[in-house]
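See structure below.
Per-chain residue numbering starts at 1, and chain names A, B, C, D and E are given in the order in which the chains are listed.
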Amino acid sequence: MLIGKVVGSVVSTRKNDKLVGNKFMIIELSEKMVEKSKQIIAIDNIGAGIGEYVLVATGSAARIGCGMEMAPVDAAVVGIIDDGSRLE
Amino acid sequence: MLIGKVVGSVVSTRKNDKLVGNKFMIIELSEKMVEKSKQIIAIDNIGAGIGEYVLVATGSAARIGCGMEMAPVDAAVVGIIDDGSRLE
Amino acid sequence: MLIGKVVGSVVSTRKNDKLVGNKFMIIELSEKMVEKSKQIIAIDNIGAGIGEYVLVATGSAARIGCGMEMAPVDAAVVGIIDDGSRLE
Amino acid sequence: MLIGKVVGSVVSTRKNDKLVGNKFMIIELSEKMVEKSKQIIAIDNIGAGIGEYVLVATGSAARIGCGMEMAPVDAAVVGIIDDGSRLE
Amino acid sequence: MLIGKVVGSVVSTRKNDKLVGNKFMIIELSEKMVEKSKQIIAIDNIGAGIGEYVLVATGSAARIGCGMEMAPVDAAVVGIIDDGSRLE
């Protein structure tokens, strides 16, 4: 998994049916984990807010582990880090 | 998922049978998400046009989430971003 | 998917049984898609020749989409690009 | 698989139900395997301690190989390297 | 698949049960395929020796294609390249 900070969200009205009802969060991945400033878009059904540090699962883990086995999802917020600011 | 801009398409007459009928879009991935100018080829069954900003799912999510479980597809347009130009 | 140019092939006499009968093509990936000069090895059952531009699927898509579900294949040529030289 | 050194752990109280009971270790991947200082978060059910060198499996291997097929896990400690300090 | 050269092996006494009996080879990936000096750890059930050039499959292909569907394996030697030195 990777750690990142929620920095925003994107809205997509025309989308794959299986994605309806999901929030698409913009996650700024930690510079310790990726190149500088790299972002990904992850669904969130944990309820992370802007500025929170989160654990992001990628690949088939995001889809299967979040009960969305048949949806085109490749990244998901799977936890909110306690005291995440210490990671900066 | 990654965000990118549709910049063109490619045509392949001789291809895997399971790919017949698909459009192959050239997606310029957002510089916030990857190194400068990186592109991928994604199938599109949402109907994205040139210049639109799209959400792209990669890996098994593209195949399974788009109802093409048995096709050699590893990237798909799964949503069109509303007001995508704000992402530039 | 990624676009690349077939630049050669490799021969492996001692290999996994499930790979017997496959051609292993050296694909020079397009500089628009990856870092400079990056190559991968992909099986080819489309019949691409040296110098042709091809569409390459990676990951489980290569294996499942090419009817080789149980073989250790992670990249496959899945289409030949018409007028590929225009991509250079 | 990749080799890395366990450098810490993170705590996540609000998380996906299927992750409850797991430890999330911060793994500093070996510079021989990735860019400088790159880290990932991996679950550990081998019992690795801080400072130990470990073998990390990523992708679906982490989930399926560790008996957590339905959990959103994409990296796992799967072995502790004997005499790992020799790898530095 | 990627091409690399076997440069050593690692030993892990405390490991996931499903990995017992496997050899973990250190593969120096070809500079044509990855950044300079990048290595990965792959299981080998072909019998590659130090100095040999090998074909490495990654991801679910390594696990499923090598008959280790339930093991935490994400890279495997799947062939030995004939005349591999020509690739340098």
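As a working rule, a residue touches a chain if its C-beta (ideal position, glycine included) is under 8 Å from a C-beta of that chain, and two chains touch if they have at least 3 such contacts.
As the structure is a computational prediction, the values presented were derived from the model and not from experiment.
Enquirer: Leaving out subunit D, what pieces does the complex fall into?
Expert: one piece
Enquirer: Cα superposition of subunit C onto subunit D: how big is the rotation, rounded to the nearest 5°?
Expert: To map subunit C onto subunit D, rotate by about 145 degrees.
Enquirer: Between subunit D and subunit E, what is the gap in Å from one C-alpha centre to the other?
Expert: Result: the chain centres lie 19 Å from each other.
Enquirer: When the C-alpha atoms of subunit A and subunit E are each averaged to a single point, how far apart are the two points in Å?
Expert: 31
Enquirer: Tell me, which residues of subunit D touch at least two other chains?
Expert: Residues 35, 59-60, 62 of subunit D touch two or more partner chains.
Enquirer: Specify the contact topology among the chains shown, as one of line, ring, star, complete or other.
Expert: ring
Enquirer: Could you walk the ring starting from subunit B, turning first toward subunit C, and list the chains encountered?
Expert: Here the ring order, subunit B leading and subunit C following, is B, C, E, D, A.
Enquirer: How about subunit A: which of its residues touch subunit B in the complex?
Expert: 10-16, 18-19, 24, 35, 37-42, 59-60, 62-63, 69-75
Enquirer: Sort out for me which residues of subunit E touch subunit C in the complex.
Expert: Residues in contact with subunit C: 1-3, 30, 32-35, 46-47, 55, 57-62, 64-66, 76, 78-83, 87.
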